[in-house]
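Note that chain A is present in both complexes that follow, paired respectively with chain B and with chain C.
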Partner chain A sequence: MVGFLEWLLSCQQALVKWLNSFHGPETGYVADFVGAIPEGVFVFLAIVIPVLVVGLGIQAVAGISTFVERKVAAKIQLRLGPMECNVGSFVGAFARAFCEKAAKPGASMGARALALVLGPLIPLLDALDKIVTKRVPGLPIFAADGLKLIMKEDIIPAAADNWLFRAAPTIVLASAFAALACLPYSDRFYVADFNIGIFYLAAVTSLEVMGILMAGWASNNKWSLLGGMRSAAQITSYEIPAGLTILTAMIVSGTMSMQGLTVSQLGVDNWQLGWAWNWYAFSNPLMTILVPIYFLAALAECNRTPFDIPEAESELVSGYHTEYSGMRFALFFMAEYAMMFVTSAIAVTIFFGGWSTGIGVLERAMIDGQPTYDSVGQVTAVHFHWWGSLIHLLAFLVKTYLVVLIMIWVRWAVPRFRPDQMMALCWKRLMPIGMVAFLGASAWLLIRGGLTGGSAEKSLQISQATGVLSLFVFLAVLGGIWIWWKKPAQ
Partner chain B sequence: MPSFVAENHELMQYAAAFGLLVLAVLVVAAMLGLSRLVQNRQPNPDKLKTYECGEDPFGSGWMRFNIRFYMVALVFVLFDVELALVFPVAPIFRELTQGPGGFHTGLVVFGELFFFVAVLFLGLVYVWRKGDLGWARTLKLETPPPSDSKQG
Partner chain C sequence: MSAEGILFWVVFLFTASSAALVATTRNILHAAFALGLTFLGVSGIYLFLHADFVAAVQLIVYVGGIVVLIMFGIMFSSHSMESPGEEPRSKFSLMAGGLAALGIFAVLVLLIRALQVPLSDQNSAFDAIYQRTVAVAPGQKGLGHYLLGEYLLPFEVVSILILGALAGAISLIRKETTTE
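Let's look at the complex of A and B:
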């Protein structure tokens, strides 16, 4: 955001300079006007524009995710609807009907004018229809679903607590939205980079439970109440394994800022700089253990299957949103998909190198100037070319969405846990493992400090050795995925 | 860099977080408003009834019931405080241990961390052994009920 503000201000100066270069009276006035725009306006713009881009972007992501989820479910469960459903010529047929109507005597002038524009476009629309129905069948379901949700009557039960009932979806959505502020979308394009970034994220994402509890209580419905209570037990419990993971990431990287976490996974500036095996998931065995732990905790915090017991539709009707209908119901779902994106982004940042592409040669080519290092040769700050930042943005979004896809995949592949199994998994399995991993990571840092004695050379040697080891871990993981992928279906 | 930004660099970023909160409220308002414009509202007493699988609702939903994991909620508070107390140590731990002579400073800090987490771990083991992490805790009565009791 600060970088964006600087860019805006430099644009202002460049514009004034350009206008002044004409020496004309009119351009002079304009130049004076542009030059006189107070800085506060640009500060305001520098805050509002990124916020709008991110906030509206997440809505698009949430919308697309519902469609993707349907497609994945159809693939896994052989559902016909989303794979086959299409209406043939849809936009084209609509345009044709409209033009025919407009050609009749009683049509208004506006309709005729519109038909004049639409008429020549009909072949184009037909072609579009053909592509859509052939390439993305199931899109009409998605559109119809959105239309249905908008047009549905918004019912607030007479017995419900009116204000809490109205406030609940807002709070759930606000917690997911607030988390968007400090995700490391790219090394240059991000909304904000708090120095307590990951702590802020942990705090904000756990606000969601308040909204869910509120919804469950305010509905004055037994199903909702049970769902809300289950959700409270679940989300608060799974916050601890997630917190331990975050804590370990902080111990390993030595920073709380999301950008700092990402940069620290670029590694040491030698032949290994920027390669994927520097990511904590591969370079630190304790972090490798924590990957599934964080993933499970993320699933639980998003109320996703196998941890969707708060809304278990086969037990509790629909859990905490039983009484919600129409748009308010859609808001809960939007928040769920936004939350999936946020937790995936956190997972990508602390385990899989954030915006880093993982291709060392590419990363090195994108670096502008020299990186700075700390006393042990670890990269602490680095500046990239603007096109490198764009590639990073793409890499971050792709990686994050891959994790979201895995979450969707898990939903349709794994049955739901029982509440006591879910609690047992958290408290009796994940917590002890998380604590041991946390202490182990600190112990390794301590031993490493003892081995190097603070000397940069020895530290670099250790980095080389562990780097080669993590290269093997990385190759083993890739090989495992390859073998699993090639395994013949049974 | 302009003075305002230079002085309020860290603080100004939180304006973005606040902006996103405001945007969330605006999005909710916009979506509900749009829905309000196109929807057909015809409430009637049956529609506004609480859903209870088609039956007339039996009493209020605000009732007492066994929420099962209340002990877990209490333990959660302890562990969350643990996390909150370890958070300040975590980001500086690397710096402490990796510098010259860091091993000895690090040893003290690690010892404290280890002790702190170990005590909590013992607490977890205690709660686990007591059976408070399970579903329905089996209540073992201190004294067996008298055999002639009518209550059973």
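Let's look at the complex of A and C:
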């Protein structure tokens, strides 16, 4: 994260100065101790803290996604979904019973100490219930499900390949989590910004195929093997349209880094800073065509319906994760939701502007200082206030979660494809469209180079012209949607 | 021992032990998966050589493509269903294998010393190429500049090779299914 290490070091200096300002011997010792902490500790913290925050955050997001999925499914199927679970029923009841027992005369010291800790929790849990669970009934079910899965017996079939069986969920989860290191959560709060950001994402999402094959084989189960092979074939096939989309985004923006992709959609150089029609999905017709293609490829990579032949519940029981129980199954499950989040985040970054809010006035109000330019005159970074960075973080998470919601919605609305239909879709329809878009983007790059002839003002004029054109197209599309919405039923 | 040094040893030990597993394990599918882990480790070693683009390409092509293909080949053939080979390893074969490995290792060490590749960043031949590429633009922009500029002919020859492989694969498959 940019500047996190410097910020930590400045915190250390500030703490030393504050402690020294008391001019006392005790605070002097503490100040010396704090000042003597080696820099390596702060380097370690600067690396570990963002990783932990993101890792724990995705677990919470994946957990709540399971709850959201069940509620969305219920809404589509005209029922209610999880309603019964509340915090008071499993933690609160346990705490109450424990405190009652510990209040009896024969209780041990340890029990009394634990009751001292649990006792004040009870009104807190009741408040949590009143505030959260009454409004969103059944929300704690994701935590209850997690606890249940941890407590389940870990069954490994006797004839299963021991090491491969244990290693498979780890690899699938590791590839999903490794992709989180690179996402542009905000302009200031991110884990790392690689030079090869998008390319690295394509690379680590291709690692999960190995884990799925491992799982299918190691279960020693013909149906698991079949599910695993189908899933591997599906994922490797759909990597091609996804990769072509990512390549087109690289060509259009001229950079692979995720922050660079987002900054190039801010439109700094053509006076349109921050407005939503600058996003590639709205301003570049090739990218507009690619939005549904990438969305379908993302659904296929996550093994989501309509591409969930590998997990087809009515056909293969559970495909390659049939034999997994308890926490191992939870790892596969979490990997699926983490992959949904990651692919949604990629879609948001390349099509919908990453962390930008889409409201130009707001963006312009949050700018702090001048943008940084590189040697060619292109903008590499725009600086915002710290509260602007927080708003950007919120915008990124909201946009990504909207795409995740669409993925969940599609699952419960559409029946699944046959394997041959799925393969035909990929190779005969999505890949040619992706190639045409890729060629079109390269051609536009050449044409634009020829038009500008290398001069900077001409390039600026072309950017402004295409910017105005994209504004009109955006308004026309909005107008078309409005007319279609309002037209009387025939 | 700097943090980078420790990391390098971790990655190296991971790669070397996976490679040893590939060669010594009796179960062929274990060998295939260990090969995948070896390629993962090699990708890490590429990162230490400042070749981040090549590391990502290694992951996509080798781990996500070649190892998956090897696994498909093993799983579809009948040999994977048999139990792993039961023949005992004779002392003679162990000694012969060990001598051969030592011999190749010695040859490699002598070759590298003869090329005088020093362990630091200031290497004359490779450093010149690296500096020249970085001078154009850092990272993969410089790579693209040279791939489509000075080294265009090898680039196109490689793409013709890949096209030939694609055509060959398709013709093989067509022969198998239309055998009338």
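Here is the rule we go by: the second predicted complex is superposed on the first by the 395 of 490 C-alpha atoms of A that agree within 3 Å, B and C clash if a C-alpha of one lies under 4 Å from a C-alpha of the other, contacts with A are read in each partner's own complex, and residues count from 1 in each chain.
Just so it is clear, a residue touches a chain if its C-beta (ideal position, glycine included) is under 8 Å from a C-beta of that chain, and two chains touch if they have at least 3 such contacts.
What you are looking at is a predicted structure, and each value in this text was computed from that prediction instead of being measured.
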Once the structures are superposed on A, label A:207 by its partner contacts, choosing first (chain B), second (chain C), both or neither. second
Is A:445 in contact with chain B, with chain C, with both, or with neither (first, second, both, neither)? first
With both complexes superposed on chain A, which partner does A:5 reach: first (chain B), second (chain C), both or neither? first
Which partner does A:225 reach: the first (chain B), the second (chain C), both, or neither? both
More residues of chain A in touch with chain C or with chain B? B
Pick one for A:74: touches chain B only (first), chain C only (second), both, or neither. neither
So in the superposed three-chain picture, is A:151 touching just chain B, just chain C, both, or none of them (first/second/both/neither)? first
Report for A:163: first if it touches chain B alone, second if chain C alone, otherwise both or neither. second
Between chain B and chain C, whom does A:180 touch in the aligned arrangement: first, second, both, or neither? first
Classify the contacts of A:199 with the two partner chains as first (chain B alone), second (chain C alone), both, or neither. both
From the superposed pair, tell me which chain A residues show up as contacts to chain B and also as contacts to chain C. 40, 43, 194-195, 199-200, 204, 217, 225, 229, 232, 236, 239, 256
What residues of chain C sit close enough to touch chain A in their complex? 3, 27, 29-30, 33, 36, 40, 52-53, 55-57, 59-60, 63-65, 67-68, 71-72, 75, 138-140
What residues of chain A sit close enough to touch chain C in their complex? 40, 43, 161, 163-164, 167, 194-196, 199-200, 202-204, 206-207, 209-210, 213-214, 217, 225, 229, 232, 236, 239, 256
Which stretch or stretches of chain B touch chain A in the complex? 1-2, 4-5, 9-10, 12-17, 19-21, 23-25, 27-28, 31-32, 34-36, 38-43, 45, 47-53, 57, 60-63, 65, 67-69, 72-73, 75-76, 79-80, 83, 86-87, 90-95, 97-103, 106-107, 110, 113-114, 117, 120-121, 124, 128, 133-135
Give the list of chain A residues in touch with chain B in this complex. 1-2, 5-6, 9, 39-40, 43, 47-48, 50-52, 54-55, 59, 149-160, 169-170, 173-174, 176-178, 180-182, 191-195, 199-200, 204, 217, 219-226, 229, 232-233, 236-237, 239-240, 243-244, 247, 250-256, 317, 322-323, 326-328, 330-331, 374-376, 419-420, 423-424, 427-428, 431-432, 435, 438-439, 442-443, 445-446, 448-450, 452-455, 459
